[in-house]
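In the two complexes below, chain A is the common chain; its partner is chain B in one and chain C in the other.
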Partner chain A sequence: MINPILLVAIPLLAAFLSIMVKKLSGVFLFGVSLFTAIGSFFIENGSYVIGGWKPPFGINLVVDDYSFLILIIVNILFFLTLLNGMWDLKKNETVLLVTLAGVNGIVMTGDFFNLFVFMEIIAISAYILASSTEKYYSVFKYLILGTVGSSLYLFGIIILYGTAGTLNMADLASKLPEISNSVKVLAFTFIFSGLAVEAKILPFNSWVRGIFGNSNTLTGPMFSTVYATVSAAVVGRVFGQILTIDTNLIYAFITLTLMTFIFAESAAMASKNLRSILTFSSIGQAGLIITMFLLGGFYAALIQLVNNAFAKMVMFSIATKTYSSNEDDDIDNLAGIFRKHYMMGLGFTISALSLIGLPLFFGFYGKINILQTAFATNMWIPAFILIGSIIEGIYYIRLLVKLWNPGKEGDESSEEAGTSYTILNGFTVSIIALVVGAVFVVAGITPEFLVENIEKAANSLGDINTYLSSVMGGI
Partner chain B sequence: MSQYLYIILMLVGIYGLLSQKNIIKMIISLNILELGLNLFIISTGYISGSNAPIIIFENDTNFVDPLPQAIVLTAIVIGFGVTAVALMLARNIYKKNGTLEIDEIRGEDND
Partner chain C sequence: MALNNIIIQGLLSSLIVFFLTKFNKKVGGFFTIIFSGYLFFSLLSYQNSAGEIFDLVKFGEFDISFITSNYAWFFSMILSLTYFLVSFFNPYWMKKLINPAAYNLLFMLSMVGTLGVFYAKDFLTMFIFFEIVVWASLFIIPMGKSRKSPIIYYTISSIGSFSMLYAIFYLYNSFNTFDIETISSAVISNPNEYIFVFFLMIMAGLTKLGIFPFHTWLPAAHGSAPHTFSPVLSGGLVKVGGFIALIVTAVIPSFNIFSDHLQIMGVPFENYLIMVLGGISIVVGTLMAIKQDDAKKLIAYSTVSNSGYILIGIAMVDQVGFAGGLMHIFNHAMASGAMFLSFAGIAYRTGTTKMSELGGLIKRMPLSFAAYLIAIISLAGIPPMSGFASKWLIFQGLSSNGMMFLAFAAFLVVLVVLCMFSGLCLLHF
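Showing the complex of A and B:
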């Protein structure tokens, strides 16, 4: 058993050491990320007081079943992403170590201002990572939106602090019924707008196309899996458990997230580039997952979160690898590329089919639970989710047919009509794609070993009393 | 009620971000936004007629709320980091495009 603060402290320490000992920075990066990936299995539930100031006065880290699940997923994803993108590190080892400290901290923290600090740590390292693709103007737009978003978040939590006199999550949750509705509406809107920038919700997601669409083999999987998982999980923690919305405001938020889902899936349908399609699909999935968190369907949201994270990692690493090998990712030019690279093709296909929720794959349980949760509310929400899912299914199937099958429609496909493009250095990517694909298939047939843990996490997210007693019991 | 003044300062910053077409001016607008926010946070902890929160005698209870000041200190450092990254990007944009006017920067769609 290890103290969870080590998951934040050791990456930070290694980040400072990697500046001093530049030659060993790669060793630090892979060693520390392997340590956190293994170490996240060995942390115990509970509330951990930092610096001797007991909550609600000091900062505490909370490990419950929910943050435990997210920690394991995020650390495994981080390590696999590093393996996928090790050719594109470009001296970013220090930044990546800081990112690792930030993502571990933001998942566990029990304090709203501490969450803001970790959010900014992650955001600043994201700007530096994204600028390694040399699309500086896109990064600048991301920086402006991200900074305005985190300022709005800070404004929101300060309004809550001025009213309730506390920034501790557990303390604030217990004082929430005493706050008047008008203050809550104002503060929640600011907090949601702030978190929505990183979570890619509609009016704040104009940065995503420039960052995801221009990504290389490191930043593409990193942004679409680690960052996306963490930002959605934070929205789940904040709005699912702590700041429960009991007014009509929740319908305004759900309208935004559903619109994100529908519009992003439609935009993906109209896209012609592999990375653009996956970008818009990422935005759409973020909208769907956050809709589920807001509706209270934590179990469905978490299954889809896990499903989306691993599927996007495989697909984005193959897509960015294709781009970096050929300087082009137009799907018409890529027709039939999986004939040559059938291992990657198999992993990509299984991930895509699991993402759209076909039976026999793990994603099926996500889609069926999403629909069950949606049908329990009213008839409009499931209608929108079904329309979005159908659009998603159509463009993914069309994409897969194109990538496996060269030649024009109606003609007999032949090897000669296929693309001349190849994928270089694809060994690690194909092994990871095959392993993740195998897990998707096995989990689709016998889902028990994954679903049980996810159900425990969902129950702990829905149970505010256990959270309160674990934090306040620490006093 | 000086809080309203600081909120107006924040709105000036947002207006600058929306209306300015020069990257340096946008960074300055961002800083005005953060400055307004920091002043607003400080003002929430202010109690008229109180001392600075440095406790010398234990029975001294007449001091302002120290937590917003600690928060602002952290927020200033974070704002400094963001500004540094933004200026790094501005320099690279100028090296790549030869201009800081966003109307003259070629689009960076995935090519």
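Showing the complex of A and C:
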């Protein structure tokens, strides 16, 4: 058993050391990331007080089944992303270590201001990482929107602090019924808008295209999996458990997230580049997952979160590898590339089919849970979700058909018509793609072996009393 | 052999075939014959079995299980026979395909998928296998001539299957079960709710059958699929749509449920609407078929019109007409399979399926010609062939209910088909 504070402290310490001992920074990065990936399995549930001040006065980290699950996923994804992107590190080892600390902190923190601090840490790391692709205009846009978002978030929590006098999550959750509705609406809207920037929800997601669409083998998988998972998970924690919305405001939020889903999927259908297709698909999936969190379908949301995170990791790794090898990712020019790279093709295909939610793959289990949850609340939401997933299916199938079957329209598909492009340094990606693909297939046939932990996490997210007693029990 | 074991063996056989084909193309092709024949013969013994339940796996909190029934046996026999017969072409076709291993894998997988649809005990199982059929057959089509047609196929197919999924969850939300039998007894007391479900569900059947507004995927997909897979698509997979139509109209007794609703010619207006769509497809399919130069597109359009017959027969739920519809499923499966395969043989020799480039084949390929001739005579409904019997039954059902308009449309089409096919035969063979 290890203390979860170490998951934040050790990466931070290593970040400082890596500045002093430049030569060993790579060793620090991979070592620490491996340590957190393994260490996250060995943490125990409970509330951990930092600095001796008990909550609600001091800052505390909370480990429950929910943050435990997210920590494991995120740390594994972080390590795999590093393996995929080790040719594109570009001396960003220190930044990545800080990111790791921030990511682990944001998942576990039990305090709204602390959440803000960690959010800023990972946002600043994200700006630096994104600028390594040298698309400065998009990074600048990201910087502006990110700053606006965090200011809005800060406004929101200031309002709550002014009314309730506390920023501790557990304390605030228990004081929430005393706050008047009009204050809640204002504060929640600010907080939601602030979180929506990172979570890629509609009016605040114009930065995503420039950042994801121009990503390299490190930043692509990093943003689309680690960052996406964490930001969706934070929305789940904040709006699913702590700040439960009991007014009509929730329909405004759900409208936004559903619109994000449908518009992003439509935009993906209109895209011709592999990375932009995946970008828009990421935005769409974020919309879907957060819709589920807001509807209270934590189980469905978490299944889709896991499904999306791992599928996108495989797909974004392959897409960015393709781009970095050929300086091009137009899908017409890539026709038939999977004929040369069987293993990557297989992993990519399974991931895509799982993301669409076709049976025999894990995503199907997610889809039926999503529909079940959506139907329990409203007749229209499942209809919109199905329309969105038809669109999603169409462009993924189009992509897969092109990448597997070269050939002019009207001629039999043949090897001669295939692309001349190849994917370099693809060994690790192939292995990871195959392993993820195999897990998707096995979990698609018997989901039990994966969903037990997800179910526990969903239950703990739905159960505010256990959360409260684990934090406030120490007072 | 228990049914669930047969399905599992089918799934495993698709993997085995995949690796065998990687090892040697011809061997893999021969093994598809063995495995599909094995599935066919092991299912034969379920002829008289009804109501036996077999569990496959537990899928989360849901059970995936099968139940035997007479109509499921009938459909599964037609489908597995079609697959079995077509599979004899596979070994010779392997060298023409870009990815033979994937072809064989998906060939077996789609076969198992169709069997799962027929024997499904509940709607969820049915949907799962339905979608497996869709994506398995989907990835075979682009190995042929077109990369666009699978997308048309997927789009139309998923419009159908997702509206079915919506209906399934709508029912689940109301009755808290997916079980077909339980639902069919529960909806009898809620006829107005069932209207909504009826149309959403039958969408899946209509799209798969290629009924009028959704007919565009048939010529695109059947016309450009690899030559050995077109007969499966047309003779086999289209019939899955017929099965869905059968479930929503007959297994769930739509006649009893809608008995208080507006009746047109003795048929509830819901069923009548479906029959009219079937009638339109008969006319549209035939008229479009006349214009085609590519033989495969022509057969695909004739599939549209024959799907119309099948749908009319099934939606009528008149004893005679219904029997005709079911019999026509068998006739069309065999006949369109024979037509597509004889053109596969022609394409194997000549490399083209355009009829304007062919001629005088009767001397060079007399056997293919004979098979083609028999098939079209049967499809046109000329007496000595079984197609006559099924069409006659459908007419009789229609005319005994006084639906002269539909009967006339159907009859007119028979004449057109007769003229067209015999003309084509004379011209091009």
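Convention: the second predicted complex is superposed on the first by the 474 of 475 C-alpha atoms of A that agree within 3 Å, B and C clash if a C-alpha of one lies under 4 Å from a C-alpha of the other, contacts with A are read in each partner's own complex, and residues count from 1 in each chain.
As a working rule, contacts are C-beta pairs under 8 Å (C-beta built on N, C-alpha and C of every residue); 3 or more make two chains touch, one makes a residue touch a chain.
Computed from a prediction, not measured in an experiment: that's the story for all the values here.
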| item | value |
| --- | --- |
| Clash or fit (per the criteria above) of chain B with chain C on chain A | fit |
| Superposition-derived comparison: chain B or chain C, residues of chain A touched | C |
| Touched partner set for A:N273, first chain B, second chain C, both or neither | first |
| Touched partner set for A:P382, first chain B, second chain C, both or neither | second |
| After the two structures are overlaid on chain A, angle v-u-w for chain B, chain A, chain C in degrees (C-alpha centres, nearest 10) | 140 |
| Touched partner set for A:Y365, first chain B, second chain C, both or neither | second |
| Contacts of A:K135 with chain B and chain C, given as first, second, both or neither | first |
| Touching partner for A:G58 - first (chain B), second (chain C), both, neither | neither |
| Contacts of A:G462 with chain B and chain C, given as first, second, both or neither | neither |
| First, second, both or neither for A:V451, with chain B first and chain C second | second |
| Closest approach of chain C to chain B (Cα atoms, Å) | 25 |
| Chain B/chain C common contact set on chain A | none |
| Residues on chain C engaged by chain A in the complex (per definition of touch) | 57-60, 62, 96, 98-99, 102, 124, 127-129, 131-132, 135, 138-139, 142-148, 150-151, 154-155, 158-159, 162-163, 165-166, 169-170, 172-173, 226 |
| Parts of chain A lying in touch with chain C, wherever the complex brings them together | 335, 339, 353, 358-360, 364-365, 368-369, 371-372, 375-376, 379, 382-383, 386, 389-390, 393-394, 397-398, 400-402, 404-407, 409-415, 445-448, 451 |
| Touch list for chain B against partner chain A, complex | 10, 14, 17, 23, 26, 30, 33-34, 37, 40-41, 44, 67-68, 71, 74-75, 78, 81-82, 85-86, 88-90, 92-93, 96-97, 102, 105, 108-110 |
| Chain A residues within the chain B interface of the complex | 113, 117, 120, 124, 127-128, 131, 134-140, 143-144, 147-148, 151, 154-155, 158, 161-162, 167, 210, 213-214, 273, 275-276, 329 |
